[in-house]
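Letters A, B, C and D mark the chains as written, and numbering starts fresh at 1 in each.
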Amino acid sequence: MATSRVWEKLEALDARIIYLILWIVILLPFIYPIGLPVSIGPQALAYAKAIDELPAGSIVVVSFDFSFGGLGELYPIAVATLHHLFTRPVKVVIIAIWVDGPPIADMVLKELKPEQPPYNKKYGVDWIFLGYTPGGETAMAALGKDFWSTLPTDYYYKKSVSEYPIMQGLRSAKDVALLVSFETGTPGADEWVRQWYVPYKVPMIVGCIGVMAPTIAPYLAGGQIKGALPGLRAAAEYELIIGRKGLGVASADVLSTSHIVFVLFVIIGNIAYFMRRRSK
Amino acid sequence: MAWFRRVEIPIAITIIFALIQVIPYFVEMGTAVEAIQDKIVRWSLVVGTGALLVGLASLLLIHVPRVTRRRTYWGYSLVLIIVMFLMAILGLPFPELGLGLTGYWFKFLYDNVLVPLSSSLYGILAFYITSAAYRAFKARSLEAALLLISGTILVLRNAPLGTFLIPQIADLGDWLYNIPNMAINRAIMIGGGLGAMVLGIRVLLGYERGYLRGGE
Amino acid sequence: MSVALFGILLGVFFTLAVYTFLYKENPYSRFAEYVFIGAATGYGIAYDLDWLKGQWVGVWSKTIGDSIAFVLALLLSVLWYFRFSKKYFFLYRIPLAITVGTSIGLALRGVVFAQVLEQVRATAALKVVGVDAWTAFNNFVTMLIVVCTLAYFTFTLKQEAAFWKPVNKFARYAMMIGFGAAYGYTVLTRMAVFIGRVQFLLGIPPNPVEAKMFFPWVALILLGTLLGYDYYKKTKK
Amino acid sequence: MDITPLLLQQIFKSGRVSGMVFLLIVAVSAAYFIRRGKAGKIPYLRKVPGLDAIDEAVGRATEMGRPVFCSHGIASIADATYGPQTIAGLAVLGYVAQLCAKYGVRLIVPVRQLVVYPIAREIVENAYRMEGKMDQFRVEDIVYLSGWQFGYSLGYMSLMQREKAGANIMVGGYWAESLQLSEVGYMVGAMQVSGTANIHQIPFFVVATDYTLIGEEIFAAGAYLSKDAAMIGSIVSQDIGKYISIALIIVSFILLLFGNDFIVKMLRW
């Protein structure tokens, strides 16, 4: 009887104790780092390969399709991806389908400073930032057909895109060698595949929050998406591949502690559940 | 009912605008038609911008009466209204006046209010998912057990410590992701795609009116 | 205090104000909630207006015909507002019909390929001969799961034949294993977002380092006032 | 083998013929079955098991003397991709309201979308009228909580705790709140039936609630309960699309055993 009470109590543990433990295991590794190695998976390798194999001079469209809620996972992915792109001799056109995209892209660009060494990329020639288009899937279709009239001005200077040399080679999705999209949900991969892959066969890679990972699996297997970074773990792997350690690698230890504690909670919860049932 | 109030009018409009996008996609009609098709897509984007007005208006409809009638939490509602207008006005596209998306104060509010709030609110789910896992993720049945085991493997796979202690967990996790997960998502995707197709067809046939409901 | 520093303090305050909700619903978390809704809506409006201005300057003001079309679109977009009118509700359906029609048309033509035929083709192309045994096994399992899950989601046949039972069981078990992946990745995302916030509070670059300075003090004040108030109420009783 | 696209490419676009044919088959069958349904010939539709669970949940709440909660997700009905989930949820609401009116148990409907509010009210009101129990209909129990996702979720959770929900039926489009709602529902001891087509939320419903309608089952349930000819006809034509898909996969599988990749190629026409 008494033991069953213990299990019952353990099962009905005050949630605030769980919250407190989670706070502690996420704060501690930042103060006392463990530095566990991160093994690299095939998805991150495929993602990096898609960028490495771009021929010189090709145009890459990078779309920020996420809300602030996705910053935790997608910020490190975006920084690492743009770093990788800026170190390669390709032209980078940055856009956003989600309204939160431009200020986030701005944060990323402020951190990287593409005009300065080691990149030395010239704005308007090697890269450009065009800003946001409302309308979701409709906007993707419009961009695919005609960049110039869907995004007539750039984000920073509000000048006509026709004045920039980089835009002379980009009229429609047919001119795009690779689409990179950072996503938290809808509109996202489904819509890009429908509006860019199906009609124009634009190769695409995706950095997405973990929640989305299962739903893009069919596109990865079917070849519509060439590579993906699903979530923070993959971000850490990718940072190691390109040799620029950032927030992804910095989060590796916390990722371990938080996930292991999560699993422990599930195990304890199950033990309590079964013990209570047995002692009844 | 006056003829212009009839529901057939919006249905006809929906059908026409949908057909404009569908037919020239399959049937060769020349570049002139495609140019018009493209223009209509961009035009409909402009029409769509007004939808935000609805968001603004519905917030005002809820919160203005709360303030004027001094209902519970009316002070918070007042804060909401002020912040909303402040943000919208600071972001007006007049850089000459120091306003606009790249303006100093708009960015100030964005960086220091909107970003911390939005991501912290989503971050709260980390706590809920843990407490819910503790309470609810129990192997009550065979199906729940299967979900639990495969889920736990994936959780361990995403933890560097998990792959460090048990290197095989990476391969196992990837297999679960690439085979069963991919296959069921593919089947569900095909089913969902068919559902979306049939929804589109229902619209084209004028049978789908769900989106027009409400009002009277 | 400089404006930039004040901004960081605001960020720390709002982050912690949200998390006080974990203790219980309170004025700090409520304040954070309402500020968020207001700011997010205002922000969306600003972005749409900016985009509209860009469209006008960059595209639609070039010819008279385009200008008329643009003004017409703006007039139509004002009709959204009539959603709140009992009398003129029907007007709101016009812009709705235009946007829904276009987006359904666009989705319809894309869905057939991306979500249906490309996926059927990818499954139909799976081989079990001429490949190694492991690939053959995986291909066969994939094909089996896709077919059984598709069959599970049919509703208009009387499922009387004996084979339906194992097919449905298999599909359900496969789905549970597959959903496990969704579960695992959801945990990753939820944790990652919170980890991002902790990195901000601890001032880990590229976050501003000054946040570290404010974090303990703001946390102390918020928690102190909340716990203190509860303690005070308890002792008063 | 590649003659067909050559012949057709004057009129049709190459690479899009297979899609057009598939679309036409589904479209024609949808039109046919919807029209037939409207004429009164309703096709057979399998009853989804979860529907019995709804009866049981309402029954249990009645025995316990606690209210029934029934929600239809957080998607707008006007949304081109998620709207149908809300429509299915509202069909379930109609059924639940009828049961509640019959058993005389209190029904609480938390609403997130302003657009949906009048529709939900009308549905519940109709159900009570049909059962002749208009005196028991309480308009204040159809509650608009908040347009903001977590505001809605917070309101829903505290409402369930305050009113001690006996049953909680959630069918429609749910996102991150799925976990919060089902956790609180479990804590207050409500029997819970859930259903959503948002794949990423199904796991949380499956483990935390007593019965879950998975994916498209919610549309079938909605059609079954509403007896709406257009909805049932659509399900028949979707099934036809699935039979074609299954047939293509299996036939191609057999052909590939003999090294013939005709079907794989055909799908690229």
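We take it that a residue touches a chain if its C-beta (ideal position, glycine included) is under 8 Å from a C-beta of that chain, and two chains touch if they have at least 3 such contacts.
The shown structure was predicted, so the numbers you read here are calculated from the model rather than taken from an experiment.
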| item | value |
| --- | --- |
| Relative to subunit A, chain with the most remote C-alpha centre | D |
| Top chain pair, ranked by number of contacting C-beta pairs | B-C |
| Gap in Å, rounded to a whole number, between the CA centres of subunit D and subunit A | 31 |
| Separation of subunit B from subunit D, taking each centre as the mean of its C-alpha atoms, in whole Å | 18 |
| Gap in Å, rounded to a whole number, between the CA centres of subunit B and subunit A | 17 |
| For subunit D, residues that touch 2 or more chains besides their own | 16, 19-20, 23, 78, 80-81, 115, 150, 199-200, 203-204, 206, 215-216, 241-242, 245 |
| Residue list for subunit B, restricted to those that touch at least two other chains | 25-26, 41-42, 44-45, 48-49, 55, 58-59, 101, 110-111, 114-115, 118-119, 121-129, 131, 133, 135, 137-138, 143-144, 147-148, 151-152, 155, 158, 177-178, 181-182, 185-186, 188-192, 194, 196-197, 199, 201, 211-212, 214-215 |
| Contacts with two or more other chains, residues of subunit A listed in rising order | 19, 22, 69, 71-72, 102, 133-134, 138, 141, 149, 158, 210-215, 217-218, 221-222, 231-233, 255, 258-259, 262 |
| Of subunit C, residues touching subunit D in the complex | 25, 33, 37, 83, 96, 100, 103-104, 107-109, 112-113, 116-117, 120-121, 123-130, 143, 146-147, 150-151, 153-159, 175-176, 179-180, 182-183, 186 |
| Subunit A-facing residues of subunit C, complex | 22-23, 43-44, 47-48, 50-51, 54-55, 57-59, 99, 102-103, 106-107, 110-111, 113-115, 118-119, 121-122, 142, 178, 181-182, 184-189, 191-199, 202, 204, 206 |
| Of all residues in subunit C, those that touch subunit B in their complex | 3, 7-8, 10-12, 14-15, 18-19, 21-22, 30-55, 59-60, 69-70, 73-74, 76-81, 83-84, 86, 89-90, 92-102, 104-109, 111-112, 114-116, 119-120, 122-123, 138, 141-142, 145-147, 149-150, 153, 172-188, 190-191, 193-194, 196-197, 200 |
| Residue numbers on subunit A that touch subunit C, as the complex places them | 16, 19, 22, 26-27, 30, 69-73, 75, 79, 99, 102, 107, 111, 131-134, 136-138, 141, 149, 151-153, 158, 160-161, 190-191, 193-195, 197-199, 209-214, 217-218, 221-224, 230-233, 247, 250-251, 254-255, 258-259, 262 |
| Footprint of subunit A on subunit D - complex, ascending | 81, 199-200 |
